[in-house]
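Multiple structures follow.
Look for subunit A in each of the two complexes below; its partner is subunit B in the first and subunit C in the second.
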Partner chain A sequence: MTRPTPPALELREITAGYDRAAPVLRGVSLTVGEGEAVGLLGPSGCGKSTLAKVAALLHRPFAGTVHLGGAPARGFRHRAPRAQRTAVGVVFQQPRLAADPRLTLASLIAEPLRATGRRAEAAGRTEELARSVGLGGDLLARRPHEVSDGQLQRACLARALALRPRVLVCDEMTAMLDASTTAALVAVVEDYRERSGAALLAVGHDRTLLERWCDRTVEMAAGAEAGTALRSARRAPADTSAG
Partner chain B sequence: MSQAPQKDGGSPGGRPLLSVRELSVRFRMSGGREIAAVSDVSFDLAPGECLALVGESGCGKSVLASALLGLLPRNAYVSGRALLSGPGARDALDLLAADEATLARTVRGRRVGLVPQSPAAHLTPVRTVRSQLAETVRELTGRKRGELAEATLAAAGRAAFPADHLDRYPHQLSGGLAQRAATALALVGDAPLLLADEPTTGLDRDLVERTVDELRAHTEDGCGLLIITHDLAAAERIADRVAVMYAGRVAELTAAADFFGSPGPRHPYARGLLDALPERAFAPIPGMPPELGDLPEGCAFAPRCARASDACATVPALTGGVACHHPVTATDTAQESGHDIATAPDTDGTPGAAGPYGTAGGDDADGTRQPEGSRA
Partner chain C sequence: MSSQALSPRLGRALRVRASAGVVVAVLVAVVLVPLLFPLDEQAVDMAHKLQAPSPAHPFGTDDVGRDVLLRCVYGLRVSLLVGVVAALTATVIGTAVGAAAGAAGGRTDRMVMRVVDVFSSVPHLLLGIFIVAMFRPGVWPVVVSVGLTHWLSTARIVRAEVLSLRSRDFVDAAVSGGASRWRVGVRHLLPGVLPQAGLAAVLMVPHAIWHESALSFLGLGLPTHRASLGNMIQGARGTLLAGDWWPTLFPGLFLIIPTLAIAGLAGVWRERINPRRRSELML
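On to the complex of A and B.
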């Protein structure tokens, strides 16, 4: 299939994990087209979260390449060049593990702006971001322990959108949230994508949710539920084409 | 066959296993601030029945569970009653008034089994599942060493925990198996009341279904199951009745079949919550829940409610299973579905009408007291 523009995100033959002798993923390929929303389904322990981290350049694979907008990733984690790192926004399942407990929600949202030297822009943009996720008033002055999971996740989503990413990776973003908050956060993501044309990789185990949310879903093979996560290795998505 | 579960919204017939009346929990914070975590909650649970307490995080449902188990922090003030019946009339016990020694010695694990929210945190990390289970079996059933191994194996089997994983440590278990280990521990004491607090958080759908089915199976023996969850699909799967909580109060308490099927929820919040599901309208309720430390006067849902009127400035009592001045009526539902049903009585201006519990609604926290005994 030929495409006029390169895909927003392309994972080629990724082998990754935490132990070279027993990788969680082996040779997994996945493509997310420009502006496309792909849902990655699979049981817990199948390696889909590891794949999400690789896609967000937060985890260095043992083998394989990541391409963003056609350009190969030139590094992972702190070695990723800024332009590539900021092209991907990421939201995780557990906001409490992903948020510095000392920061107020306003500082949390502004973190990426300050880290990239956009202090001047930060104040106005923070308010705009906060409003887009439904946060306002004195909530922004609070610290994570003073807000609910849902409110904190809203702040984490706003943070992920701060640098206007071309690709958004949501790893079980709503797994801990109630139905209304889930629908609200998905609406925020979709609103952003509509305005920006950004692509989405939504990782999760809720088929009903991802099928409703995404253009298409990709399935990672179900592993044995027994035993430890690392034992359920050797995954390959059933559908690896760009659709 | 156990007693058939009650199918209407009121209190079940026969002697309830658990009878909660006007339960309120206040947290006193520094600076004199008070958090109204639970307000005026009343419900009954019959033997063999499953009641699902649903609502978003922070709605008070987990605080309610902690109150029933005497596991609230020191700054919590509890009022109301929670009568747990026993085999004889003398065995009835008010869980809210019982002291810590009684709760620890005779209630937790023995009369109320707790299936915890995060099993990994509930299990001791440095001991194998077998050793933890054996200790609980010895403690709660008094089995001697000779029978202990077999009883431990049987206990694991009741929660479908695989015998070949008994010698593993908690961190070596998948989420599903950790959940089953915790469930096995909760079942050891043959408690007549099982309390499951968000037992499926973070589990895959198949595992969610298996876990809740297994919990439900225990009601076959007459055990009462109170499941606290934000997972509406899980509640629909196993519950006889559903109680929807919002901002610390029960907004609606009704038969699960009516709630998930037809006529559907009658409280605007409950209706919104159900409509938010991806298999339904996938539309969020506008706004966010209020702060429990700063509740609006009157109905706490009013700022988000399309049906709100002046009447909503007073707190609506739970009347006929719904706490709302303008519940979604049969006529509203008929307009959606095309059925012609007689208009339900309008409850406007009658917030003082006696509910199924014979009490009017009210926001009176004056009766709040601290139960005797330490809550540590």
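On to the complex of A and C.
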């Protein structure tokens, strides 16, 4: 399929891991088109989360490049320009670990706005974001240990959407959650994507969920190798109801 | 026997109360006594030298007729001042160095920690003596000497803590949310290490007090006429051989009991923030 616009996210020949002698990923390539939803499936330990971190510019690969909207990433973590870093929103698997335990849910959601100097609009936007993920009133004043996993993950999703990312990376976003919360969070993501045209890279091992949610799914084998690793499957056109 | 009969809970409650009681009593004494009983540190009274404890002089008098109780309280005041200021100095330096090394990571981290290792390999007291020897005797050289030699362990603790926090997902989330290095450090990493750093600071106070006394005992700390616990023990060594025990015993007790009380409170605090590690009294 040829696209007139450059893909929202393009990973080229990524070799990454935590030990240069034994990388988790070798020469993996993945493309997420503008506005496209791609599901990344694979057994645990195959490097899905590492690939998600590389895509979010949070983990520097040993080799390979990341392109966002056609522009190559100029660095990773703090070396990436702020505009590129914030163009990718991330939701992690475990909300407990992804939330600073000292911040209230309201400050958690507002944190990206404050960090990027948008203090003035923070209050209004926080309320709007909280409403969009279904978090009400007094929950926002609580700290992470006073809310459930599901409520905390809603706040984490709101935080990821705060800077209106062009690409959303959800790393096992719903693995810890029950079915109704899963459905609600997927609906929030889809609603945001519909309004903003953002692309999605959803990582997970729940085949049923990702096949229903995403335009296509990509499968990673354990010890992913170049070329052979990623098998792509396109969703049947009839099956369009996500979430 | 009786301490074994006490349950651990009760034993701990007793320890907290005893420690807190001593610390409060010491604080009240060092604040109130100098207001009520001014001390001329140069004054001697040879007519009343080396008197055994009596109602007039509860702790007796020393070899030049000075009241041991009053000098003990003044000595403890200097020791506490030096201990607290030096411990804070050491903790601020250690936290800054450790947090910077841990947050920067990579080569910077390795280089900074090697420097810490090099400093640690020199005995504290030797390095402390070298530092005080560069100045005239006084309170501030002692504070500098203790502060500059005792930040190393705090730096190690803080760095380890920052390294473990740095790899958490919430730091990744902050980076992804556009936070600068500075903001990640100040808003997410530093608050996470403050309990550990605070504990290190409190545990450092007894250590610094002993260090000050050791320097004074060696004649390198405060000027010899100043009432300091180390100076008093040093000055009274000769009279001990003649059987006059009070000028050394009481300053010794003033050194041991308050520092044990502070360490006891710090131990309880450590149990609270890290219940898995049984605390030992660390001086």
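In the analysis below, the second predicted complex is superposed on the first by the 219 of 243 C-alpha atoms of A that agree within 3 Å, B and C clash if a C-alpha of one lies under 4 Å from a C-alpha of the other, contacts with A are read in each partner's own complex, and residues count from 1 in each chain.
We adopt the following convention: a contact is a pair of C-beta atoms (placed from the backbone, for glycine too) under 8 Å apart; a residue touches a chain by one contact, two chains touch by 3 or more.
Every value quoted in this text rests on a predicted model; they were computed, and no experiment measured them.
When both complexes are superposed on subunit A, subunit B and subunit C sit side by side without a clash.
Once the two complexes are laid over each other on the shared chain, residue contacts for A:111 go to subunit C alone; subunit B is not touched. After overlaying the two complexes on the shared chain, residue contacts for A:150 are found with subunit B alone; subunit C is out of touch.
Of the two partner chains, subunit B is the only one that A:207 touches; subunit C does not reach it. Of the two partner chains, subunit C is the only one that A:86 touches; subunit B does not reach it.
In the overlay built on the shared chain, the residue A:44 is in contact with subunit B alone; subunit C does not reach it. Shared-chain residue A:184: touches subunit B; no touch with subunit C. Touch criterion met: A:134 reaches subunit B, while subunit C stays clear of it. For the overlaid pair of complexes, the smallest distance between C-alpha atoms of subunit B and those of subunit C rounds to 13 Å. Contacts of subunit A with subunit B, set against its contacts with subunit C after fitting on chain A, share not one residue. Across the complex, subunit B is touched by residues 43-45, 93, 134, 148-151, 175-184, 186-187, 205-209, 211-213, 225-229 of subunit A. Chain contact summary for the complex, subunit B toward subunit A: residues 55-58, 162, 165, 172-177, 201-207, 230, 232-233, 272-274, 276-279, 282-285, 287-289.
Across the complex, subunit A meets subunit C through its residues 53, 56-58, 77-78, 82, 85-86, 88-90, 92, 94, 97-100, 102, 111-112, 115-116, 156, 159-160, 162-163. Those residues of subunit C that touch subunit A in the complex are listed here as 168-170, 172-181, 183, 187-188, 191-192.
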